[in-house]
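First subunit A sits with subunit B, and in the next complex the same chain sits with subunit C.
Up next is the complex of A and B:
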């Protein structure tokens, strides 16, 4: 089992990426890693931190260029060929022994490069991006697509449901993930043509546990394991959920300082507020994955620390070991046959 | 100045609706109100609470039927003609002395009935719904459209910007409202064709203070006065903002009870948590308005109390007094001329 790690582009790169890699090597004896980044810097870091056993399972690719969120993805792909991210993608494309990539770099560039350079699973119309968010009952919910495809057909939305259901099964142990369709109301006839047509197909597909339309207010309620959306509204949903939570916690923090009695109370509750912030920080629940490509693509949060990078590698390892690619391939084929029948 | 008040359909109806009406009559000497609902019940309530001066400015329409959120809007319009909401809409349509309606009833039915039965301002393609939300700096932000139009053209989005800018000016004293376009990223070329075309027009319209694309995470940051969106993604945004805030506050409340030290701290902070909840409760910032119709349509939150109903009536009164209809009519015409020129 070999994975490539993009060691640049995160806020705590390359340290967190390398530390997370070492932890993963320690945990999974059959794992080998290729680290992409500034070779001299990584070597020096490894000389200090890696055991000889771990070091033997690491190979390096010198690719010192960094892609940031300011780079336009199409430019990044075309002009930053020697960047760690693009070198990692190139290796993933060319070396058939490498099963997947973990990156904490720029999301847009990673999605674009993986979509353009890594082949699609047969039958998949377009890959889709699926982050994981915390729910109020202590569980998690997936959202697919959250930004890779701003224009979608009903067939694409159905594929998102299939691919992400398989992912939630394999990675989060959800036997029969409850799938909802993001809509403006819960009734079957709500929304535009895209939603009505998607609803019709999903409610007839026997191997998807489709529970109906969902309004965005219920996204993190815990009633759903997976929400299916076009990439535009999915992107609006994930960013407003994260943004509202963080802004509200920030406001509470500020308001605490407005009165002495609040400050006094907050002394007792400091830990709780820290926990709430950690709770809403969705990097803690693992990386976001691009589903539908021949190889595993995991995107860690830009602020990922060692634990978050490790969680992303564990995710990639699980997806590759379970052969999620083959499961998706088979389910997509099964669904196509079914959709032809329901016409 | 005459307005019609739908006195049924809210959680605290008819009491809150009548009390709010009396407060408005007390505040605005030139105001007259028509109350729609169960005539006997309203009469009995007024006999107890209304001064003779207020009672003289009230007329009643007997319409005891209630439309709920469970009624399909098209059915509500067709089958519940004697409901308070449909009677109020009929009066608004037929009586030219009535300038607007305030309702705390079912949103979908009100939007549908007003869109179908009340004429559009010349040039307006479709009316749009605009709620107001609190921002983290203590201000407010409008969102237009938030659900009346799930499919939109660039021309419609431009009209939403024009209509809601005029509204934010008249009702919230914002001289030159900062208008943002809801998108998946801030760069000009982000999003789908709808977003790119809308961006192009908005950035050239001289009388709109267009400040660019906005990601949903910044919606309540205070950086914008008005956000323009298609009704689908706007609906996702407003409901996820409200839903996330309320769920997070609920979770914090629950977590407080998990440890005695938190309970102790919370004793000092009870008032603050109540304030945060009130802060995020967007009924406190006034009703949502339907923009683009010949008459004023204000929708109060279903849970509106006396103060919230009064705020809605004040809003309707302000819009009618300022003749927002004429302002919108003139601006839409001006924009059409401009758009023909930029082709």
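Up next is the complex of A and C:
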């Protein structure tokens, strides 16, 4: 099993990316990694930290250029061919033995590069982006799509449900993921034509556990394993959820410091606050994946540390080992037959 | 030139038993969507080591349009 790691572009790159890689090599004996970035810097870092066994499983590609969030994705992938991200994508495209990429770099460029240079699984209309969030009952929920496709058709949303259901099964052990459609109400007739048509198809597909419409307030309730949305609504949902949680935490912290009696009370709740912080720590839940491409694409948060990079590599390893690509390909083909019959 | 563009199209669009002529319309006859077209043009850019201007990228209607463009920049 060979994966390529883009070692530039993250806030803590390349250190966190290399440390996460070394941890993954220690965990998975059959794993080999190709690290893309500034070869001299990576070599020096590895000389200090890598065991001889780990070093033997690492190869390097010298690509010191960085694609940033300020670069326009379509320009970046055509003009910054020698960047670490594009070098990693090129290797993924050309080397059949490389199964996937993990990057903490610019999201838009990674999605564009993966979609255009790696290509889609046959039958997939558009690849979709799927992050994972924690739920109130201690589980996780996936959201597909969270921004790769602003305008969608009902057929695309149905494919998102199929691809992400397979992902939730493979990576999170959900035997029959409960799939909900993001809408402005729970009744079947709610929403616009896109939502109503999607509802109609999803409720007839026998191999999707569609449980109906979901209002945004129930997103992390734990009632659902997967939420399907067009990329525009999905992006608004995920950012509102994260933003509300962070702002609320900030307000609680500010209020605690506003009175001595609150501070005293908070002392007794210190452990609980630490647990809540850990609960909301994105680094515990791995990266977002791009579903529907020929090879595995995992995007870690820009500020990923060693643990977060390791979690991303674990995700990529699991997807590649389970051959998620073939599962998605078969499910999409099966769905096409059903959709033709539905008309 | 036509043969090499045709080969890229066959591989990129996974075409089987489809007749490709310079008059073939990329979207209508070869059933390519906008993403296929972009993907194919980027492969051409890489293979020919050229940069197709952005305003041209989505304006190729037929296989012949692409071949003519490539021949024009080679002159």
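Note that in this section the second predicted complex is superposed on the first by the 341 of 343 C-alpha atoms of A that agree within 3 Å, B and C clash if a C-alpha of one lies under 4 Å from a C-alpha of the other, contacts with A are read in each partner's own complex, and residues count from 1 in each chain.
By definition in this document, a residue touches a chain if its C-beta (ideal position, glycine included) is under 8 Å from a C-beta of that chain, and two chains touch if they have at least 3 such contacts.
Not measured: the values here are computed from a predicted model.
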In the superposed arrangement, does A:122 touch subunit B (first), subunit C (second), both or neither?
second
Report for A:104: first if it touches subunit B alone, second if subunit C alone, otherwise both or neither.
neither
Of subunit B and subunit C, which one touches more of subunit A's residues?
B
Determine, under the contact definition given at the top, whether A:78 touches first (subunit B), second (subunit C), both, or neither.
second
Kindly classify A:264 by the partners it touches after superposition: subunit B alone (first), subunit C alone (second), both, or neither?
first
So the subunit A residues that subunit B and subunit C both touch are none
Contact footprint of subunit A on subunit B as seen in their complex:
72, 108, 136, 147, 150-151, 182, 184-185, 187, 191-193, 195, 215-221, 231-233, 235-237, 239-252, 255-256, 259, 261-262, 264-269, 272, 275-276, 279-280
Subunit A to subunit C touching residues, read off their complex:
74, 77-78, 115-117, 119-120, 122, 125-126
Seen from subunit C, its contact residues with subunit A in the complex are 12, 14, 33, 35, 38-39, 42, 45, 51, 54
